[in-house]
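Shared between the two complexes below is chain A, which pairs with chain B and chain C, respectively.
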Partner chain A sequence: MATQQTRALGRIAVAPSVIALFLWMIVPLAMTIWFSLLRYNLLDPNPACSPLTPWALTDPANRCLAGASNYYYFLTDPAFFRAIGNSLQLVGWVLAISVIGGILLALLLDQAIFGRNIVRLMIIAPFFVMPTVSALVWKNMMMHPVSGFLAWLFQLFGLQPIDWFAHAPMTAIVIMVAWQWLPFATLILLTALQSLDEEQKEAAEMDGAPPLSYFWHLVLPHLARPITVVILIETIFLLNVFAEIYVTGSGGRAGNMPFLVYQYGLISNDIGGASAGGIIAVILANIVAFFLMRMIGKNLEA
Partner chain B sequence: MGTIVLNNVSKSFGDVVIIPGADLEIRDGEFIVFVGPSGCGKSTLLRLIAGLEDLSGGRIVIDGVDASDQPPSKRGLSMVFQSYALYPHMSVRNNIAFGLKMAGLPKPEIAAKVARAAATLNLTDYLDRKPRQLSGGQRQRVAIGRAIVRQPKAFLFDEPLSNLDAALRVNMRIEIMQLHQSLGATMIYVTHDQVEAMTMADRIVVLNKGNIEQLGSPLELYNRPDSLFVAGFIGSPKMNILENNTIGIRPEHLALSEKSGEWEGTVMLAEHLGSDTYLHVDAGRRGMLTVRASGEFPVGPGGKIWMTPEKGRIHRFDAQGRAIR
Partner chain C sequence: MARAVSTRRRMFFTAFAWAIAFVIFFPILWTILTSFKTEGDAIELPPKFLFFQWTLENYGIVQERSNYLLFAFNSVVLALGSTIFALLIAIPSAWAMAFAPGKRTKDLLMWMLSTKMMPPVGALIPIYLIFRDFHLLDTRGGIIAVLMLLNLPIIIWMLYTYFKEIPGEILEAARMDGASIGKELLYVLTPMAIPGIASTILLNVILAWNEAFWTLSLTTKDAAPLTQFIASYSSPEGLFWAKLSAASTMAIAPILVLGWFAQKQLVRGLTFGAVK
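Showing the complex of A and B:
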């Protein structure tokens, strides 16, 4: 379509932004990789560099090359497997809740109910609350074992209140994060529902499809693509959940990969180890993304 | 069997009355066309018969059974939608079979029926395709296939050809008419295109503002319109209406002459269609007239011509727009 000249011109025109984006991505990544290969601990400013690494750096921080040992220690840390397990649990549960709940809520909000616009606005609201704030609100207002709303509710029914963050920290985190992401799923699925062709509904009515068959054969296939979008986007963000865990102090038992990297870097002051953890997290996220795209990516084609 | 009787059927949305009250008897095996301008209530009437809208008043009787409160699927009718409304995620086969599956028919029976419907409509080679892989005409045929496979008492068509291009429309028109002949089923067909109405219908229902303006065979409507509205709506080009809406004469019923005649006029514009020539004539105090001349006509814009109405072809109307006979 385009001539040689316009194509060349186009490449020159987009070059600055492509280069800027490339640097934006590659500089932090390269630095992280570099740090992950160093013995770089803020609590140990004068490390005795191993005789195996005689090319010790002579810089103010006295860093010296560590080879793959940061990776070795990170990957053999029992906390690493716990963190991966927690990450996957969190992603899996929140995805399940937000997709299934999102479909149900979207079906509900698609009806002509009274005050629909207000209800929609209220449903969307949690998505705009910043995670730190939502964690504080959930911790102190909803889930507080003595003065929390849920404790009051439990007592109302004669049940023993749960000390959420002591006994079920993972469940608590899942509830909080799902509360934030359910609106996102609802919003996307609702817009998809509203684009369902009116005459198709009527054709199904003429064909005598009962509500469940109608949902199964027409609505669900129609929602396949938006569900894929929800899963992809939410997975990206849910792998990065940190604020809720940090603020509620649930990192000990419900800590995920980002929290483990935080522990390495800011609690142990081990920059090298944290960098190695970060790179491992990037690789894992890419593996997850690869399988995700393979599994459901075909829904996005055509 | 497929008789449908509408008994004082009415429909209003809130304060807006769409159909004030319609009475109609549709005979078994009849091809009946609802025609009228947009907003005349023809689609609403069809949807009332289908059961997709609730009645505001009156009764609908299908094959002697009061169907007024039956859900659409229980009325034994099939509908072909304007947008075809095919299920996009299902293959052609499943689209056609869906209604039968919902009715709980055994699998071999469904397969046999689908195969038969597909053969009728030349769809056998496309059964495993998705709707988006089909052309407009093929989609139309799938929509019809979905309708015939249920062997309904009557078919309802809601402007089914309006999304097709002109050539295909003529073909599909013929296919639907052939289908009507071979199935012998009652068909109700909604269109705003009076050519479709004239060519396809056994009887035409002309609707105006929700009222049945006239009911009759195409030629009855053409030759003896009951009202100014029907006179103006049926026939192409439109009937010329003269003398303060009291006299009507069709363009094809004016004899043309270059020398003498009853009415004198000046040609303003000539449309050459090959087989015919339509002349737009300024007839002085009578206003603008459209006249049809067979084949070529030698007088061009600016030329003087004389027109003579054919005997017995003049329609007279009273002040209310009703025909005087």
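Showing the complex of A and C:
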């Protein structure tokens, strides 16, 4: 049992982290909410807004209250619907590829194969590649419509090479992001698979259980929780994909929510609009986070 | 007991697995190969796999043209700096939560994790403006602070799960012998926790090294790490594939090596202990 004294000390020891994280979470969020209610453009020192608002008279930067109009403009901007659609497409496709592919790859790597460690190293490698590197390598060396490796492969099979970023920017982004997250899913699921009781595996084999029913009744239930973990964690990261879109310059057609907010704020200097977009992104992420926290919470009990 | 597996089946799975691994690894392999080519060979089709004029000149040119070493130095400083500062406040916190848990410890941990779910775009605008007003844009100190806060929840969480596995009785015994809390932390807990702390450092160096949203938004030149260095190659002027490949190889090589060592910890850290 911890004594009174250690309890008190514990509270002091926890304080710095709690204060730091609290400030990190609350201060920017509060400011973003505040900005989202202002007409506030860095390039426009005299926004057209009612001089009757007290804010306009006192603030040297001539920001003024805009009420909900930033939200109105952001939510009715056609770019918003495109961004939401792109965000969902990106998350959906990459999840599908990485979870289904990850299960298959994990099952394959769980077999008795020669050089399993080297194979695993090769498969996990893309996860460690810096996003900006992956973006440029894919855009140029792999997907370039004339000199790219894929163009050569297509020609080899008598197909017309695809100009990925001109005709299918979303597909291109999905491919390069999935390339990074499939290894992650594989690694997690393989780790989980290897913790499946060896005796259970043997018993199933001796019973002569057909592979499909073995997979369905033994493996899949065992993988249920790791799969949920993979889905939830990947969703958090995939909602925030930014570098791949920014570096390949495909934000115009394949831009997602983070890119749109970046564009509003740091390119168009519309602080109010960008903040409204940021708050909308936070709300959407919180819906996802709600489920994730509940699951990890349950896990903590176990 | 190993299961008896027929050789033919084993050969089949082996060939299949190697083929898939090769396809997945190919873009990295191709980048490394291209970095040793001349620019002419780099864009030539059909592609030259091994029989080309091997050269090291790209690496020299990349260093000369864009000062690779400065960016690499920044990457190292940012990754290590943010991890060390985070550890300084995370170790006492994780210690307290693991060995002197209160009623609210679990809620506290969950709340810390929840800060990780905040999408960075929600904080981008204020952080950018604060940095601008306090002249922190493009400074190493500013980025270190951001990366530290970004990874603090994961660091605390990982340390907590490792500390939990250390039997509390050993600490009790030390206390009975009259060790002060400071001594208990330094001489008893720390040596036992070293493997856990090392894994935590490893994972966080990897995460900080590859962090691209904040480093791309808040740095331009002086404090810019390798993420920004590579992004500078996206301009048409920089479209020389052999040099891009050399730069990319240098940017990913250190972390690829670290990452291969850190696989197990990665699983544990990124799933918050849900999969071990």
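Everything that follows uses one rule, which is that the second predicted complex is superposed on the first by the 264 of 302 C-alpha atoms of A that agree within 3 Å, B and C clash if a C-alpha of one lies under 4 Å from a C-alpha of the other, contacts with A are read in each partner's own complex, and residues count from 1 in each chain.
The rule is short, and it goes like this: a contact is a pair of C-beta atoms (placed from the backbone, for glycine too) under 8 Å apart; a residue touches a chain by one contact, two chains touch by 3 or more.
The shown structure was predicted, so the numbers you read here are calculated from the model rather than taken from an experiment.
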Chain B and chain C placed together on chain A: clash or fit? fit
A:Pro145 contacts which: chain B (first), chain C (second), both, neither? neither
Name the contact category of A:Pro210: first (chain B only), second (chain C only), both, or neither.
-> first
Taking the superposition as given, does A:Phe184 touch the first partner, chain B, the second, chain C, both, or neither?
second
* What is the contact status of A:His222 with respect to chain B (first) and chain C (second): first, second, both, or neither? -> first
Geometry row: CA centre of chain A as apex, chain B and chain C as ends, angle in degrees (steps of 10) is 70
* Name the contact category of A:Thr248: first (chain B only), second (chain C only), both, or neither. => second
Partner chain in contact with A:Pro161 - chain B first, chain C second, else both or neither:
neither
Across chain A, the partner (chain B or chain C) reaching more residues is C
Chain B versus chain C as contact partner of A:Glu202, first or second or both or neither: both
Overlaying both structures gives a minimum C-alpha distance between chain B and chain C, in Å, of 6
On chain A, the footprints of chain B and chain C overlap at residues 202, 205
Chain B contacts chain A in the complex at 50, 52, 71-74, 77-79, 81-83, 85-90, 98-99, 102-103, 146, 150
Within their complex, chain A touches chain B through residues 197, 199-200, 202-210, 213, 217-218, 221-222, 224
Seen from chain A, its contact residues with chain C in the complex are 2, 6-7, 9-11, 13-14, 16-18, 20-21, 24-25, 27-29, 31-32, 35, 105, 108-109, 111-116, 118-142, 147, 149, 151-152, 179, 182-184, 187-188, 191-192, 195, 198, 201-202, 205, 225-226, 229, 233, 236, 239-240, 242-243, 246-249, 257-258, 261-262, 265-266, 271, 274-275, 277-279, 281-282, 285-286, 288-289, 292-293, 295-297, 299-300
Per the touch rule above, chain C residues touching chain A in the complex are 1-3, 5, 10, 13-14, 16-18, 20-22, 24-25, 27-28, 30-31, 34, 43-47, 89-90, 92-93, 95-97, 99-102, 106, 108-110, 112-129, 149, 152-153, 156, 181, 206, 209-210, 212-213, 216-217, 226-228, 230-231, 233-234, 239, 241, 244-245, 248, 251-252, 255-256, 258-260, 263-264, 266-267, 270-276
